[in-house]
Amino acid sequence: MNSSQMMALMPILMLSLTAVVLMIQASIKRDQNVAWWITAAGFLLTIWGAGYARDFTQSVTILLDVDDWGLFFSTLIVFASLVSLILSRESFSREGERKEEYYLLLVLSVLGAVILIQSSHMASLLLGMELMGVALYAMIAFPEKGELPLEAAIKYLVLSACASAMLLFGFALVYAATGDLTYAGIGAEVDVAYGREPLVLVAGSAMILAGLGFKLSVVPFHMWTPDVYQGAPTPVTAFLATVSKGAVFVALSRFYLEAELYQYDTLIAALSVVAVTSMLAGNWLALRQNNIKRLLAYSSIAHFGYLLVALIAISIAQSIAQAQLISDAVTFYLTAYILTTLAAFAVVAQLSGEDDGKSMIGAYDGLFWRHPVQALGLTVALLSFAGIPLTAGFIGKFYLINVAIESQLWFLLVALVLGSAIGIYYYLRFIFAMSKTSATIVKTQPKAAFSGQDVVSIVLLTLVLALGSWPQPFIEFAGRL
Amino acid sequence: MDGLNIPLNHILLVSTLLFSIGMLGLMIRRNIIFILMSLEVMLNAAALAFVAAGAHWGQPDGQIIFLLILSVAAAEVAVGLGLVLQVQRRFKTLDMDDANRMRG
Amino acid sequence: MLMVNLILILLVGGVLAMLSERLGETMPRKVALAVVLVDIVYLLSQLSAMPQLTQLQAPVPDDPSTWLMHFKAQWIPAFGINIEFALDGISLLMVMLTLVLGAIAVSSSWTDVTTKQGFFEANLLWTLAGVLGVFMALDLFLFFLFWEVMLIPMYFMIAIWGHENRGYAAMKFFIFTQASGLLMLVATLALVAVNQNATGVWSFSYFDLLHTSMSGQTAHWLMLGFFVAFVVKLPGFPFHTWLPDAHTQAPTAGSVILAGILLKTGAYGLIRFAVPLFPQAALDFSFVAMLLGVAGVVYGAVLAFAQTDFKRLVAYSSVSHMGFVLLGVYAWNELALQGAVMQMVAHGFSTAALFMIAGSLQERLHTRDMREMGGLWQQMPRMGAVAMFFVVASLGLPGLGNFVAEFLVLLGLFQANPWMTAVAALGLITGAIYSLILMQRSFQGEPNARYDSHRLVDFAGREMFTMTVMMVALVALGLYPQPVLDMAQPVLQSLLELTSAGVTP
Amino acid sequence: MAEMIWLVPLLPLLSSVLLMLGSASFPRLLVAVLGVGSVASAALLTMSIGMDFLADPQPFQMTLWTWMQVGNFSPGIAFYFDGLTLVMMSVITGVGFLIHLFSTEFMEQDSSYARYFAYLNMFVAAMLVLVMADNLLLLYLGWEGVGVCSYLLVGFWYQNSANGQAARKAFVVTRIGDTAMALGLFLLFTELGTLNIQGLVGAANQQWQVGDTLPLIACLLLLGGAVGKSAQLPLHTWLPDAMAGPTPVSALIHAATMVTAGVYLIARTHGLFLLAPTAMMVVAVIGLATSLMAAFTALMQSDIKRILAYSTISQIGYMFLALGVGAWAAGIFHLMTHAFFKALLFLGSGAIIHYLHHEHNIFKMGGLRSKMPVTFWSFMIGSAALAALPMTSGFFSKDQILLQAYQLPGPGPWLWLGGLVGALLTAVYSFRLVFVVFFGEAKTQTEGDTGWRMAVPLVTLCTLSLIGGYFVIPLDQVFPASSGDHPAHWVEYVSISVPLVGVLLAYLIFHSGQLNVSRLVNSSIGQSLRQFWHSGWGIDWLYDVLLVRPYYQLSRIMKGEPVDAVYSLIVALNLTFNHWLAESQTGRMRWYIASMVAGLILLLTLALQIPLEAV
Amino acid sequence: MLEITLFYIAATIALVATVLAMTRANAIHALIYLIVSLLAVAVIFFLIGAPFAAALEIVIYAGAIMVLFVFVIMMLNLGEEGDARERGLLQPKIWAGPALLSLLLFAELLYMISTIEGPVSSQQVTAKEVGLALFGPYVLAVEIAAMLLLAGLVGSYHLGRRYLEREE
């Protein structure tokens, strides 16, 4: 490895450094405040590092491939982690001085995610995913009391490990068929291998998709989502929903494209079935859900169903321009989704905290009159999820519909439209609850004081709106990735 | 020694069987410890497949992945067993069907 | 910039109205009224400075420079999306209607809304801003944006200040319009994609898309996408069922805006987009569309008659009246189109007034159920007389605006399809039946004993003033509709030429 | 004076608006002055215009402004004035003035005095617009305007919902006819390109031949409107119910003016009807049938106003008969005389009702001859004219109609015969009324006879009813001249004698009792026939069963919004899916794993599909 | 042929031991069967020319990881009741469905691997080769694996420590 490669690895190095510093700090004097600041500084450094590394994009060994796209998403998920970190500050109050372990786990998990995003090899994919996952298990189970976090952690661990096993088995089969472990190598071999052992290759790919699909919680691998979302501490849920899912989706698209899985029609058919059922089932499941965390879980199922449309479309892209449009669509949608989800969880974290009862719809009655800022934040987030214009979610949906039309994926388009139409209902239910004006609620004066989380909410809300109403700069930026 | 005569698909057959058995165990056991064991079986089956494939191609990569799987398994088991301790403390049982508070 | 400013004034005004609540309970409505009036004055002052207005010429549909006004600024060049507004006679007409009814709506909320006035007036103004956007946007993306965004403040108005079943009504309203809007979005994007494939350029501009050539099949499907969105908003049978609920539950000002303006966006969309963009498909589809129109006319009338809820009755009458608009648009000749435009304006006033009366009744009686009314004329003769005026207006009494509209529509329709006209004319009879029963059950008949003991307050100065404005407007429209007709005429003329060029005989 | 013609309708209209605006604050005297004065000045204006016209009978047209201009559709707010217009305007303003005057006393006690005059003035204005209109659209405006005024006035005493019911019935039933008329307008404009009456007739005569289908359809559609407004079969049912309004209203609207609008319409568009002989035949048959049906019904009524209402229907039937046989001038002449004597009769009955505490049943009256002499003589003269006794105005007009009907080639004599039967019945029922009400024993107390404001109109109308037959009305330029030759003398003698026979019969049956018909009446056939006639030939019942109740039923069924069921189904479907899927989220890990495995199997199966064939 | 025979024997042992492990009611018994299975797999590794993997399988998998299980089982001190309970749960009603699923999965996997042809390579991949690769192109993987183990360490420390603290 030469120094240029080291420069390319700057975000990873920064995160590792943060982890090390955290450990050293813990060994000197345990102070959760200092740990928090170290972590925050580490994340900021990582973001700087990601920018720095843009001048050194290249493959680093066979394991990692640092490119602009990956660096952008690294930045994004580190940003998401930063938000999660800020949200975490108020949480886990019972854990007292032990919180620095949580920060260390958070850093390790982000490290896993960044590696996952930049992976170009099965080994790095596996390790990144597992690093992210193992740290997450502990983060989910972090609260000392309560049964739900533990149950969530167990469920996530077992199911996730099961999915990893599927993924690994799939890898093994693909390896057996192609004799290569790098994405590019597989892609190069795929034609020959397909001629030789089509079944093994396709089956292996299908198992890989199953394993990754689990992390994305697409139907039929979605069952864990609501329980884990609900049980996990809210900042961790936010982390899971944005960092984990985002990174896995990036890795999936990389693998899918570089290993040229799109050459198999049947795989596309299977993916289409998954996409359609996700779009519909996710929305149906959320329809009458009263717990906002579970609701967001179900809605995420649908959203990754929508995203799969882009993946399917890119398989049949006719031209470079079309492929560019589709990759822009993925970038935009994923970004919009991550920002929106963060905006939603920023509010949920503040309002619901770790009290499961406060996640219920009843706790949101009249929020507009109690916490206007929070209510506005959640409203904008929900509208963005629903794809109402002026929000980032709308432009994302606009992209996806465009993609579906350009690629003439009519069935998927129908499912997308149907799903979106159903989705409006449950997003509105919460908005309606927030706007309720019962006599007691209206009398309470809104809180005048501004908390740090309000600032987070406002920042995210502004981002979601800005991306929705002035998307051009971002589109240009995404186009260059 | 050489493994010239062992057909790859036989080894894969074994690993597939192991994988299926592990899956079966995962589905039927309710005790969290057995569930973790089943996961080990599945990971091991995948590892076997990797090593076999590596041997098939005469590459060290299969074994390296095996090594990585090993560390993955170790990390997961470590956290998993940590969770087992907490489960026992908070739920007073290891039966996962009884440790079920969330649904719907 | 006029067009952008018009919208901005309302948007900013909404924020001001919301903030002004801190200065006093009653401040917001004053601010809101002032904002709308400022907008009106601004529009008029700018218009008076415009020489073209006196000699309206036919705007060439695909040449924005021939329009009254045109504004274009880049927005999302990646997709060829611009902030593009343009104004022609019909838009101008609708803009003026919106602002006037907006002022009336503010006035109707004067005593109606008691909680969170600031936010209420803000929503009202934002809805108006959205509607203005719809009437002026000529970039399909921008149009869609306004089309959707105006729903949100409207949704809040129903959901927060509505009556007993507001949650359901607001939800239904939103989902109907939103789901149909999605279809329109898909159709828009498909249209743009077709255009892009043909020309290699992304453009959402109406002026570029007018001549998109596509196969008949494609055009048919795309036209349907637009059609459904607009007909849901119109509302046309069988997509009307959100309307009675929304109207019934909305606060008075909400109903006024909903019936007076929001429904017109659907009609406007049909005239501006659904037909000109797909002339051939629209022609092929016109029979079905007219059938739906006739069904709406008759069905709305029958159901209006069956209602016992004052507002619901008026709501169904809207379904019936807007059926005429649908007929007028798809008869697609000058007479019928002029009729449709007239209906948009006249219905705006007459129904808004009826909803205001309903609101006043609810405010006084705390019910909308006509079984608990009766003989109210005795206590409130002024309100009764006003109600009578608008009832006969709504049943199409000659001399008032609605008659001109319905007559022109039917006359035009007769040239297109006499049999359809014969059935649609049933609406004149059924219209009389429900209109008069409304009067009978509320203001006439034996005075209800419930209200013997306490004095019901008759219309006072403010209410009479707003009502008078609308009455004068309707009489003027009925006896001298020429200004309105003249304003719409050049536009319709050029649209007719445009579509006839796009249709193979 | 001619250029002032627009003031004629405007004056009552302005007065009406003023009265509405100031209804609460104006003193009664001001109300009366405004209400009566406006019509009076309109009448004076009409008179002076009429003088000018008679001096120089030149029809003229006057456009105030173009109402609307859409393409080549450009109806104006424009008036056309000729002899026919003059006759109609004179009747409207003249009789209207008298009735207004009468009303000032009649309605004195009513709390809504101003509202009453506002409506009444508005009616006069609308009616004037109707007859003065230069085009059919403006005519339609007046046409609907009088309909609304009629609705308002019939339901004037709104506290009683029966009145409201009657008012709505009147409006809706006429609206049915109006709708047909509107369709006729559409057809005429579409085919002829104009709605200007003169231009239209001219164009029609150029474009169409006698006996073509299009003019037939157009005429039938117009006839639909006429039938509705003029309460002819089959749309006559509203008129008897419309008697719920104040009696002067019945006199003005439902006897003298509005109900004859149909006659006016047909007369005005006679140029069209001449192109459609079949339509004319239909007009004649409808007229005759209506006249007979109504006469029989009138015979059986006991409510004084209903008798007069049916008699009005019957008399308008005569006018239709006249129009149908081409006796245009005779029809209009009868329209005028009928306006005089029927207004007289209604006002008389109004006086009776007024002073008899709102008693309507003639069998509860009696012997009023001495107590209310003015009213008695009014009724005598009115009934004589109605029965067409010689030398009364009704005699001249009705006689002309019957004779011209006889002269119609073909079915003429039969129409004449039918007309005679009607004339006989008319005499019987009108004098039945006189004998029952004014002779015999007094059964009620009166409050004295009429004051001057009631008496003056009554006396004036008495005079007009007597001498009206000698008026020469300037219609020669309007209508084609009739043949001019006279039928055989015996025809005339029979025509003259039949009413006398009728009066005699009435005297014998209802006064002297020498002719005892009770056995005939009480026989079972007589009973049922009586019942049948009394109910107006069961037509109301028929409509109730065929139209009204089904409509109520339909609306009741539909009230629940059947279309919404579709959407409810969609919602239910979604909820079902939601339910199923939510059930699947059991929270059990083993189940979750199983679902994942099943998903994997599914995915593999899908993925392996095509390679299966490829292998 | 010896290798092949040994392979089949080892495979059979592995499979049987795994099945037994999965069906035991007593955790320690199951664990021991699992270790047997792992050892048999180690034999297979050895037979197919991966001695390094075989050694790791024994040392780390069977040795270290399984011992972790033993510790925890001992710590929790699961008694006879637990065994009885476990035994009672293994009803056909419970395993029939999952068994069917597993069978289906197996059938599908079997179907697709049946097409693979060719034996495993004749050459042994020695520990040296593995080591070279490991610290050559895979050097980053080693670093990341370290991080992974760190995460596992911190996680289990956090979870386990609380357990111990509570026990005191």
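A, B, C, D and E are the chain letters, set down in written order, and residue numbers restart from 1 in every chain.
Throughout what follows, a residue touches a chain if its C-beta (ideal position, glycine included) is under 8 Å from a C-beta of that chain, and two chains touch if they have at least 3 such contacts.
These figures come from a predicted structure and were not determined experimentally.
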item: Touching chain B and also chain C, the following chains; value: A, D
item: Steps in the shortest chain-to-chain touch route ending at chain E and beginning at chain B; value: 1
item: Chain ID, smallest distance between chain and overall C-alpha centroids; value: C
item: Chain pair, D-E or A-C, that carries the greater number of C-beta contacts; value: A-C
item: Most widely separated chain from chain E, with each centre as the mean of CA atoms; value: D
item: Whole-Å separation of chain centres (CA-atom averages), chain A against chain D; value: 77
item: Inter-centroid spacing, chain D versus chain C (mean Cα positions, whole Å); value: 37
item: Distance from the mean Cα position of chain B to that of chain A, given in whole angstrom; value: 26
item: Centroid distance [mean C-alpha coordinates] between chain E and chain A, Å; value: 31
item: Of all residues in chain C, the ones touching two or more other chains; value: none
item: Shared interface positions of chain B, touching two or more other chains; value: 8, 12, 19, 22-23, 26-30, 35-36, 52, 54, 56-57, 59, 61-62, 64, 68, 72, 75-76, 79, 82-83, 86, 96, 100-104
item: Multi-chain contact residues (two or more partners), chain A; value: 123, 127, 130, 134, 137-138, 141, 154, 158, 162, 173, 176, 199, 202-203, 226-227, 289
item: In contact (per the touch rule at the top): chain pairs; value: A-B, A-C, A-D, A-E, B-D, B-E, C-D, D-E
item: Chain B-touching residues of chain D, taken from the complex the two chains share; value: 582, 585-590, 593-594, 597
item: Residues on chain D engaged by chain C in the complex (per definition of touch); value: 20, 23-24, 65-71, 73, 77, 115, 137, 140-141, 143-145, 148, 151-152, 155, 158-161, 164-165, 167-168, 171-172, 175-176, 178-179, 182-183, 185-187, 189-190, 551, 554-556, 558-559, 561, 563-564, 566-567
item: Of chain C, residues touching chain A in the complex; value: 75-78, 115-116, 119, 144-145, 148-149, 152, 155-156, 159-160, 167, 170-171, 174-175, 178-179, 182-183, 185-186, 189-190, 193
item: Complex interface listing, chain D residues touching chain E; value: 590, 594, 597-598, 600-601, 604-605, 608, 615
item: Sites on chain C touched by chain D in the complex; value: 237-238, 240-241, 244, 299, 302-303, 305-307, 334-335, 338, 375, 377-378, 381, 385, 388, 392, 397-399, 403-404, 407-408, 410-411, 414-415, 418, 421-422, 425-426, 428-429, 432-433, 436-437, 440, 443-447, 479-482, 485, 489
